[in-house]
Amino acid sequence: MPYVNIKVTRERSGPVTPEQKAELIKGVTDLLKNVLNKNPATTVVVIDEVEMDNWGIGGLPAEEYRAFVASQKK
Amino acid sequence: MPYVNIKVTRERSGPVTPEQKAELIKGVTDLLKNVLNKNPATTVVVIDEVEMDNWGIGGLPAEEYRAFVASQKK
Amino acid sequence: MPYVNIKVTRERSGPVTPEQKAELIKGVTDLLKNVLNKNPATTVVVIDEVEMDNWGIGGLPAEEYRAFVASQKK
Amino acid sequence: MPYVNIKVTRERSGPVTPEQKAELIKGVTDLLKNVLNKNPATTVVVIDEVEMDNWGIGGLPAEEYRAFVASQKK
Amino acid sequence: MPYVNIKVTRERSGPVTPEQKAELIKGVTDLLKNVLNKNPATTVVVIDEVEMDNWGIGGLPAEEYRAFVASQKK
Amino acid sequence: MPYVNIKVTRERSGPVTPEQKAELIKGVTDLLKNVLNKNPATTVVVIDEVEMDNWGIGGLPAEEYRAFVASQKK
(Lines give C-alpha, C1' and ligand atoms only; values in the text may rest on other atoms or scores of the structure.)
Protein backbone atom coordinates (compact mmCIF):
# COMPACT_ATOMS: atom_id res chain seq x y z
CA MET A 1 0.00 0.00 0.00
CA PRO A 2 2.63 2.55 -1.03
CA TYR A 3 2.11 6.26 -1.58
CA VAL A 4 4.20 8.05 -4.19
CA ASN A 5 4.34 11.78 -4.83
CA ILE A 6 6.00 12.96 -8.03
CA LYS A 7 6.73 16.67 -8.39
CA VAL A 8 7.86 18.05 -11.75
CA THR A 9 8.12 21.54 -13.18
CA ARG A 10 5.40 22.65 -15.56
CA GLU A 11 7.47 23.48 -18.61
CA ARG A 12 6.62 26.54 -20.68
CA SER A 13 6.66 24.31 -23.76
CA GLY A 14 3.48 22.70 -22.43
CA PRO A 15 2.05 20.76 -19.51
CA VAL A 16 2.54 17.07 -18.89
CA THR A 17 -0.06 15.28 -21.05
CA PRO A 18 -2.65 12.86 -19.64
CA GLU A 19 -0.86 10.07 -21.53
CA GLN A 20 2.46 10.90 -19.91
CA LYS A 21 0.80 11.02 -16.49
CA ALA A 22 -0.71 7.60 -17.11
CA GLU A 23 2.77 6.29 -18.04
CA LEU A 24 4.23 7.68 -14.82
CA ILE A 25 1.43 6.13 -12.74
CA LYS A 26 1.79 2.74 -14.41
CA GLY A 27 5.59 2.83 -14.34
CA VAL A 28 5.99 3.61 -10.67
CA THR A 29 3.23 1.18 -9.65
CA ASP A 30 4.92 -1.60 -11.64
CA LEU A 31 8.28 -0.68 -10.10
CA LEU A 32 6.92 -1.09 -6.57
CA LYS A 33 5.34 -4.40 -7.51
CA ASN A 34 8.54 -5.71 -9.09
CA VAL A 35 10.99 -4.54 -6.42
CA LEU A 36 8.94 -4.87 -3.22
CA ASN A 37 5.99 -7.01 -4.29
CA LYS A 38 3.58 -4.20 -3.35
CA ASN A 39 -0.06 -4.59 -4.29
CA PRO A 40 -1.01 -2.26 -7.18
CA ALA A 41 -4.62 -2.12 -5.93
CA THR A 42 -3.53 -0.06 -2.93
CA THR A 43 -0.66 1.88 -4.51
CA VAL A 44 -1.53 5.58 -4.69
CA VAL A 45 0.36 8.03 -6.93
CA VAL A 46 -0.08 11.81 -6.84
CA ILE A 47 1.57 14.01 -9.46
CA ASP A 48 2.18 17.72 -8.81
CA GLU A 49 3.07 20.05 -11.63
CA VAL A 50 4.88 23.00 -10.12
CA GLU A 51 5.10 26.41 -11.75
CA MET A 52 8.64 27.25 -12.90
CA ASP A 53 8.80 30.30 -10.61
CA ASN A 54 8.03 28.07 -7.64
CA TRP A 55 10.96 25.70 -8.18
CA GLY A 56 14.46 26.55 -7.04
CA ILE A 57 17.81 24.85 -7.41
CA GLY A 58 21.32 26.12 -6.89
CA GLY A 59 19.87 29.10 -5.02
CA LEU A 60 18.06 30.31 -8.16
CA PRO A 61 14.62 29.92 -9.72
CA ALA A 62 14.71 26.96 -12.12
CA GLU A 63 14.84 28.95 -15.36
CA GLU A 64 17.62 31.24 -14.13
CA TYR A 65 19.51 28.16 -12.99
CA ARG A 66 19.20 26.54 -16.42
CA ALA A 67 20.37 29.74 -18.14
CA PHE A 68 23.32 29.92 -15.74
CA VAL A 69 24.30 26.28 -16.37
CA ALA A 70 23.99 26.78 -20.14
CA SER A 71 26.19 29.89 -19.97
CA GLN A 72 28.87 27.97 -18.06
CA LYS A 73 29.09 25.35 -20.78
CA LYS A 74 30.02 27.83 -23.50
CA MET B 1 0.95 21.81 17.30
CA PRO B 2 0.06 19.23 14.67
CA TYR B 3 0.20 19.66 10.92
CA VAL B 4 -2.32 17.84 8.75
CA ASN B 5 -2.34 17.62 4.97
CA ILE B 6 -5.49 16.32 3.28
CA LYS B 7 -5.30 15.48 -0.41
CA VAL B 8 -8.50 14.72 -2.32
CA THR B 9 -9.36 14.48 -6.00
CA ARG B 10 -11.16 17.44 -7.56
CA GLU B 11 -14.25 15.72 -8.84
CA ARG B 12 -15.66 16.69 -12.23
CA SER B 13 -19.06 17.13 -10.55
CA GLY B 14 -17.60 20.19 -8.83
CA PRO B 15 -14.88 21.32 -6.43
CA VAL B 16 -14.96 20.92 -2.70
CA THR B 17 -17.02 23.83 -1.35
CA PRO B 18 -15.73 26.33 1.24
CA GLU B 19 -18.28 24.91 3.70
CA GLN B 20 -16.98 21.37 3.22
CA LYS B 21 -13.40 22.59 3.64
CA ALA B 22 -14.40 24.32 6.89
CA GLU B 23 -15.95 21.04 8.09
CA LEU B 24 -12.77 19.13 7.30
CA ILE B 25 -10.64 21.72 9.12
CA LYS B 26 -12.89 21.70 12.18
CA GLY B 27 -13.28 17.94 12.17
CA VAL B 28 -9.62 17.04 12.06
CA THR B 29 -8.67 19.75 14.56
CA ASP B 30 -11.31 18.43 17.00
CA LEU B 31 -10.07 14.88 16.42
CA LEU B 32 -6.51 15.82 17.40
CA LYS B 33 -7.79 17.64 20.47
CA ASN B 34 -9.96 14.71 21.54
CA VAL B 35 -7.47 11.90 20.90
CA LEU B 36 -4.13 13.54 21.73
CA ASN B 37 -5.15 16.71 23.59
CA LYS B 38 -3.46 18.85 20.94
CA ASN B 39 -3.98 22.60 21.09
CA PRO B 40 -6.29 23.78 18.28
CA ALA B 41 -4.60 27.21 18.28
CA THR B 42 -1.44 25.68 16.79
CA THR B 43 -3.05 22.95 14.67
CA VAL B 44 -2.48 23.69 10.98
CA VAL B 45 -4.50 21.99 8.22
CA VAL B 46 -3.73 22.26 4.51
CA ILE B 47 -6.15 20.84 1.92
CA ASP B 48 -4.96 20.01 -1.60
CA GLU B 49 -7.44 19.38 -4.37
CA VAL B 50 -5.70 17.25 -6.96
CA GLU B 51 -6.76 17.10 -10.62
CA MET B 52 -8.20 13.71 -11.57
CA ASP B 53 -5.47 13.14 -14.17
CA ASN B 54 -2.84 13.61 -11.47
CA TRP B 55 -4.15 10.87 -9.17
CA GLY B 56 -3.33 7.24 -9.75
CA ILE B 57 -4.41 4.02 -8.07
CA GLY B 58 -4.14 0.43 -9.17
CA GLY B 59 -1.63 1.52 -11.81
CA LEU B 60 -4.26 3.65 -13.59
CA PRO B 61 -5.41 7.27 -13.54
CA ALA B 62 -8.27 7.60 -11.04
CA GLU B 63 -11.12 7.77 -13.55
CA GLU B 64 -9.90 4.79 -15.53
CA TYR B 65 -9.54 2.90 -12.27
CA ARG B 66 -13.11 3.68 -11.27
CA ALA B 67 -14.40 2.62 -14.67
CA PHE B 68 -12.42 -0.60 -14.39
CA VAL B 69 -13.76 -1.36 -10.90
CA ALA B 70 -17.32 -0.61 -12.03
CA SER B 71 -16.93 -2.95 -15.03
CA GLN B 72 -15.73 -5.75 -12.74
CA LYS B 73 -18.85 -5.54 -10.63
CA LYS B 74 -21.22 -6.20 -13.50
CA MET C 1 -9.43 7.99 -2.55
CA PRO C 2 -7.99 10.63 -0.23
CA TYR C 3 -4.52 10.70 1.26
CA VAL C 4 -4.04 12.23 4.70
CA ASN C 5 -0.74 12.92 6.43
CA ILE C 6 -0.85 13.75 10.15
CA LYS C 7 2.34 15.08 11.75
CA VAL C 8 2.54 15.40 15.53
CA THR C 9 5.37 15.93 17.95
CA ARG C 10 6.61 12.88 19.85
CA GLU C 11 6.10 14.06 23.40
CA ARG C 12 8.71 13.27 26.05
CA SER C 13 5.90 11.95 28.22
CA GLY C 14 5.60 9.06 25.78
CA PRO C 15 4.85 8.20 22.17
CA VAL C 16 1.42 8.09 20.62
CA THR C 17 -0.02 4.67 21.46
CA PRO C 18 -1.25 2.18 18.83
CA GLU C 19 -4.77 2.73 20.17
CA GLN C 20 -4.54 6.48 19.69
CA LYS C 21 -3.17 5.98 16.18
CA ALA C 22 -6.11 3.69 15.38
CA GLU C 23 -8.49 6.38 16.64
CA LEU C 24 -6.86 9.01 14.42
CA ILE C 25 -7.04 6.70 11.40
CA LYS C 26 -10.69 5.85 12.01
CA GLY C 27 -11.63 9.43 12.85
CA VAL C 28 -10.18 11.08 9.78
CA THR C 29 -11.44 8.31 7.46
CA ASP C 30 -14.96 8.73 8.86
CA LEU C 31 -14.67 12.51 8.50
CA LEU C 32 -13.86 12.21 4.80
CA LYS C 33 -16.74 9.79 4.30
CA ASN C 34 -19.19 12.05 6.12
CA VAL C 35 -18.16 15.36 4.57
CA LEU C 36 -17.15 14.36 1.03
CA ASN C 37 -18.59 10.84 0.69
CA LYS C 38 -15.07 9.46 0.12
CA ASN C 39 -14.66 5.69 0.02
CA PRO C 40 -12.90 4.40 3.17
CA ALA C 41 -11.48 1.44 1.23
CA THR C 42 -9.17 3.77 -0.70
CA THR C 43 -8.51 6.36 2.03
CA VAL C 44 -4.86 6.24 3.08
CA VAL C 45 -3.63 7.81 6.33
CA VAL C 46 0.04 8.21 7.27
CA ILE C 47 1.03 9.40 10.75
CA ASP C 48 4.47 10.91 11.39
CA GLU C 49 5.76 11.36 14.90
CA VAL C 50 8.34 14.12 14.80
CA GLU C 51 11.10 14.51 17.38
CA MET C 52 10.64 17.63 19.53
CA ASP C 53 13.95 19.08 18.34
CA ASN C 54 12.78 18.81 14.75
CA TRP C 55 9.64 20.90 15.21
CA GLY C 56 9.72 24.68 15.22
CA ILE C 57 7.13 27.35 15.84
CA GLY C 58 7.48 31.05 16.56
CA GLY C 59 11.09 30.83 15.36
CA LEU C 60 11.99 28.46 18.21
CA PRO C 61 12.22 24.70 18.75
CA ALA C 62 8.89 23.48 20.12
CA GLU C 63 9.95 23.05 23.73
CA GLU C 64 11.61 26.45 23.94
CA TYR C 65 8.49 27.94 22.40
CA ARG C 66 6.27 26.31 25.01
CA ALA C 67 8.54 27.51 27.82
CA PHE C 68 8.43 31.01 26.34
CA VAL C 69 4.63 31.02 26.09
CA ALA C 70 4.31 29.69 29.65
CA SER C 71 6.65 32.41 30.92
CA GLN C 72 4.55 35.10 29.23
CA LYS C 73 1.43 33.99 31.04
CA LYS C 74 2.88 34.48 34.46
CA MET D 1 21.40 17.79 -1.19
CA PRO D 2 18.49 19.12 0.87
CA TYR D 3 14.89 19.43 -0.21
CA VAL D 4 12.79 22.28 1.17
CA ASN D 5 9.06 22.77 0.73
CA ILE D 6 7.60 26.16 1.67
CA LYS D 7 3.83 26.48 1.87
CA VAL D 8 2.24 29.92 2.22
CA THR D 9 -1.27 31.23 1.81
CA ARG D 10 -2.07 33.09 -1.42
CA GLU D 11 -3.22 36.38 -0.01
CA ARG D 12 -6.18 38.14 -1.57
CA SER D 13 -4.04 41.30 -1.76
CA GLY D 14 -2.02 39.52 -4.45
CA PRO D 15 0.14 36.49 -5.12
CA VAL D 16 3.76 36.12 -4.09
CA THR D 17 5.82 37.87 -6.77
CA PRO D 18 8.59 36.14 -8.76
CA GLU D 19 11.09 38.44 -6.99
CA GLN D 20 9.86 37.35 -3.57
CA LYS D 21 10.03 33.71 -4.62
CA ALA D 22 13.61 34.21 -5.78
CA GLU D 23 14.43 35.75 -2.39
CA LEU D 24 12.94 32.77 -0.57
CA ILE D 25 14.87 30.32 -2.76
CA LYS D 26 18.16 32.18 -2.28
CA GLY D 27 17.57 32.74 1.43
CA VAL D 28 16.83 29.15 2.37
CA THR D 29 19.60 27.78 0.14
CA ASP D 30 22.11 30.15 1.79
CA LEU D 31 20.80 29.15 5.23
CA LEU D 32 21.45 25.46 4.55
CA LYS D 33 24.92 26.27 3.26
CA ASN D 34 25.76 28.41 6.28
CA VAL D 35 24.35 26.15 8.99
CA LEU D 36 25.00 22.66 7.59
CA ASN D 37 27.47 23.32 4.75
CA LYS D 38 25.02 21.86 2.24
CA ASN D 39 25.88 22.20 -1.45
CA PRO D 40 23.62 24.80 -3.15
CA ALA D 41 23.96 22.96 -6.48
CA THR D 42 21.85 20.09 -5.16
CA THR D 43 19.53 22.05 -2.87
CA VAL D 44 15.96 21.92 -4.21
CA VAL D 45 13.25 24.34 -3.06
CA VAL D 46 9.56 24.02 -3.93
CA ILE D 47 7.11 26.80 -3.04
CA ASP D 48 3.37 26.09 -2.78
CA GLU D 49 0.88 28.92 -2.69
CA VAL D 50 -2.24 27.61 -1.00
CA GLU D 51 -5.69 29.11 -1.50
CA MET D 52 -7.00 30.80 1.65
CA ASP D 53 -9.98 28.44 1.82
CA ASN D 54 -7.62 25.47 1.88
CA TRP D 55 -5.65 26.61 4.93
CA GLY D 56 -6.93 26.02 8.44
CA ILE D 57 -5.68 27.01 11.86
CA GLY D 58 -7.40 27.04 15.23
CA GLY D 59 -10.11 24.82 13.76
CA LEU D 60 -11.15 27.55 11.31
CA PRO D 61 -10.36 28.54 7.72
CA ALA D 62 -7.49 31.05 7.76
CA GLU D 63 -9.55 34.17 7.09
CA GLU D 64 -12.14 33.34 9.73
CA TYR D 65 -9.31 32.66 12.15
CA ARG D 66 -7.76 36.05 11.47
CA ALA D 67 -11.10 37.79 11.92
CA PHE D 68 -11.61 35.92 15.18
CA VAL D 69 -8.16 36.86 16.50
CA ALA D 70 -8.69 40.50 15.49
CA SER D 71 -12.06 40.56 17.28
CA GLN D 72 -10.45 39.20 20.46
CA LYS D 73 -7.94 42.03 20.54
CA LYS D 74 -10.58 44.75 20.66
CA MET E 1 14.66 18.41 -11.86
CA PRO E 2 11.90 16.25 -10.37
CA TYR E 3 11.40 15.35 -6.74
CA VAL E 4 9.90 11.98 -5.86
CA ASN E 5 8.82 10.78 -2.43
CA ILE E 6 8.09 7.08 -2.00
CA LYS E 7 6.39 5.97 1.21
CA VAL E 8 6.12 2.27 2.01
CA THR E 9 5.29 0.35 5.13
CA ARG E 10 8.19 -1.22 7.05
CA GLU E 11 7.13 -4.84 7.01
CA ARG E 12 7.65 -6.99 10.11
CA SER E 13 9.36 -9.54 7.88
CA GLY E 14 12.22 -7.07 7.53
CA PRO E 15 13.10 -3.59 6.31
CA VAL E 16 13.62 -2.62 2.70
CA THR E 17 17.22 -3.56 1.85
CA PRO E 18 19.78 -1.07 0.50
CA GLU E 19 19.73 -3.00 -2.79
CA GLN E 20 15.96 -2.64 -3.10
CA LYS E 21 16.21 1.07 -2.30
CA ALA E 22 18.85 1.47 -5.01
CA GLU E 23 16.50 -0.29 -7.46
CA LEU E 24 13.65 2.06 -6.57
CA ILE E 25 15.91 5.11 -6.98
CA LYS E 26 17.23 3.94 -10.34
CA GLY E 27 13.81 2.80 -11.55
CA VAL E 28 11.94 6.01 -10.87
CA THR E 29 14.79 8.19 -12.15
CA ASP E 30 14.85 6.19 -15.41
CA LEU E 31 11.06 6.45 -15.66
CA LEU E 32 11.19 10.25 -15.45
CA LYS E 33 13.95 10.35 -18.05
CA ASN E 34 12.06 8.05 -20.42
CA VAL E 35 8.61 9.63 -20.09
CA LEU E 36 9.41 13.31 -19.59
CA ASN E 37 13.08 13.56 -20.61
CA LYS E 38 13.99 14.78 -17.10
CA ASN E 39 17.67 15.09 -16.26
CA PRO E 40 18.77 12.33 -13.83
CA ALA E 41 21.48 14.61 -12.41
CA THR E 42 18.83 16.80 -10.76
CA THR E 43 16.24 14.12 -9.98
CA VAL E 44 15.92 13.68 -6.22
CA VAL E 45 14.26 10.63 -4.64
CA VAL E 46 13.42 10.29 -0.95
CA ILE E 47 12.17 6.97 0.47
CA ASP E 48 10.24 6.86 3.76
CA GLU E 49 9.70 3.59 5.56
CA VAL E 50 6.63 3.99 7.73
CA GLU E 51 5.94 1.90 10.80
CA MET E 52 2.95 -0.42 10.35
CA ASP E 53 1.07 1.25 13.20
CA ASN E 54 1.40 4.60 11.47
CA TRP E 55 -0.25 3.53 8.22
CA GLY E 56 -4.00 3.39 7.84
CA ILE E 57 -6.31 2.24 5.09
CA GLY E 58 -10.01 1.44 5.09
CA GLY E 59 -10.28 3.22 8.44
CA LEU E 60 -7.99 0.65 10.10
CA PRO E 61 -4.29 0.31 10.88
CA ALA E 62 -2.61 -1.54 8.00
CA GLU E 63 -2.25 -4.91 9.71
CA GLU E 64 -5.83 -4.96 10.96
CA TYR E 65 -6.93 -4.03 7.45
CA ARG E 66 -4.99 -6.92 5.93
CA ALA E 67 -6.41 -9.34 8.47
CA PHE E 68 -9.90 -8.05 7.70
CA VAL E 69 -9.44 -8.44 3.94
CA ALA E 70 -8.01 -11.94 4.41
CA SER E 71 -10.99 -12.94 6.58
CA GLN E 72 -13.42 -11.71 3.91
CA LYS E 73 -11.85 -13.95 1.30
CA LYS E 74 -12.52 -17.13 3.18
CA MET F 1 1.00 31.15 8.84
CA PRO F 2 3.53 29.32 6.64
CA TYR F 3 4.57 25.70 6.89
CA VAL F 4 8.12 24.73 5.97
CA ASN F 5 9.50 21.21 5.65
CA ILE F 6 13.29 20.81 5.46
CA LYS F 7 14.66 17.41 4.50
CA VAL F 8 18.39 16.74 4.82
CA THR F 9 20.49 13.60 4.79
CA ARG F 10 21.69 12.27 8.12
CA GLU F 11 25.43 12.27 7.55
CA ARG F 12 27.52 9.39 8.85
CA SER F 13 29.81 11.96 10.45
CA GLY F 14 26.97 12.68 12.88
CA PRO F 15 23.38 13.91 13.10
CA VAL F 16 22.28 17.51 12.87
CA THR F 17 22.73 19.00 16.37
CA PRO F 18 19.91 20.65 18.32
CA GLU F 19 21.77 23.96 17.96
CA GLN F 20 21.89 23.62 14.17
CA LYS F 21 18.20 22.72 14.10
CA ALA F 22 17.41 25.82 16.16
CA GLU F 23 19.40 27.92 13.66
CA LEU F 24 17.45 26.46 10.74
CA ILE F 25 14.13 27.11 12.49
CA LYS F 26 15.06 30.70 13.35
CA GLY F 27 16.61 31.36 9.94
CA VAL F 28 13.68 30.24 7.84
CA THR F 29 11.13 31.90 10.14
CA ASP F 30 13.03 35.19 9.89
CA LEU F 31 13.25 34.79 6.11
CA LEU F 32 9.48 34.45 5.80
CA LYS F 33 8.97 37.47 8.04
CA ASN F 34 11.44 39.58 6.07
CA VAL F 35 10.34 38.61 2.56
CA LEU F 36 6.58 38.10 2.97
CA ASN F 37 5.84 39.71 6.35
CA LYS F 38 4.59 36.36 7.69
CA ASN F 39 3.83 36.13 11.40
CA PRO F 40 6.47 34.04 13.23
CA ALA F 41 3.89 32.99 15.84
CA THR F 42 2.10 30.84 13.27
CA THR F 43 5.11 29.75 11.20
CA VAL F 44 5.65 26.01 11.59
CA VAL F 45 8.93 24.31 10.60
CA VAL F 46 9.45 20.54 10.46
CA ILE F 47 12.91 19.08 9.90
CA ASP F 48 13.35 15.51 8.58
CA GLU F 49 16.69 13.79 8.77
CA VAL F 50 16.73 11.12 6.10
CA GLU F 51 18.98 8.05 6.21
CA MET F 52 21.65 8.11 3.49
CA ASP F 53 20.29 4.91 1.93
CA ASN F 54 16.89 6.53 1.54
CA TRP F 55 18.11 9.51 -0.49
CA GLY F 56 18.73 9.24 -4.20
CA ILE F 57 20.12 11.63 -6.79
CA GLY F 58 21.38 11.04 -10.30
CA GLY F 59 19.72 7.63 -10.22
CA LEU F 60 21.99 6.48 -7.38
CA PRO F 61 21.86 6.35 -3.59
CA ALA F 62 23.43 9.54 -2.21
CA GLU F 63 26.75 8.05 -1.15
CA GLU F 64 27.30 6.24 -4.43
CA TYR F 65 26.46 9.47 -6.23
CA ARG F 66 29.02 11.41 -4.22
CA ALA F 67 31.67 8.76 -4.87
CA PHE F 68 30.84 8.89 -8.59
CA VAL F 69 31.07 12.69 -8.71
CA ALA F 70 34.37 12.62 -6.80
CA SER F 71 35.77 10.02 -9.22
CA GLN F 72 34.82 12.20 -12.20
CA LYS F 73 36.81 15.13 -10.84
CA LYS F 74 40.07 13.27 -10.74
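As written, the chains take the letters A, B, C, D, E and F, and residue 1 is the first residue of each chain.
By definition in this document, a contact is a pair of C-beta atoms (placed from the backbone, for glycine too) under 8 Å apart; a residue touches a chain by one contact, two chains touch by 3 or more.
Small disclaimer: the values here were computed from a predicted structure and weren't measured.
Of all chains in the assembly, those touching chain D and also chain E are A, F.
Chains that count as touching both chain D and chain F, per the definition above, are B, E. Interface comparison, C-E versus A-C: the higher number of contacting C-beta pairs is recorded for C-E. By residue number, more than half of the contact pairs of D-E reappear in one of the listed pairs D-F, A-C or A-B, namely A-C.
When you average the Cα atoms of each chain and compare centres, the chain farthest from chain A turns out to be C.
Rounded to whole angstrom units, the spacing between the C-alpha centres of chain B and chain C is 16. Chain centres here are Cα averages; for chain E and chain F they lie 21 Å apart. Once the centre of each chain is set as its mean CA position, chain B and chain F turn out to be 28 Å apart. Among the residues of chain E, those in touch with two or more other chains are 1, 3, 7, 24, 42, 44, 46, 55, 57.
Taken as a graph of touching chains, this assembly has some other topology, since it is neither a line, a ring, a star nor fully connected.
All chain pairs that touch, listed by label, are A-B, A-C, A-D, A-E, B-C, B-D, B-F, C-E, C-F, D-E, D-F, E-F. Across the interface of their complex, chain E is touched by residues 1, 3, 42, 44, 46 of chain D. For chain A in complex with chain B, the touching residues are 18, 21-22, 24-26, 29-30, 40-49.
On the chain B side of its complex with chain A, the touching residues are 7, 50, 53-61, 64. Listing the residues of chain F that touch chain D in their complex gives 1-9, 16, 20, 23-24, 27-28, 31-32, 34-36, 38, 42, 55, 57, 62.
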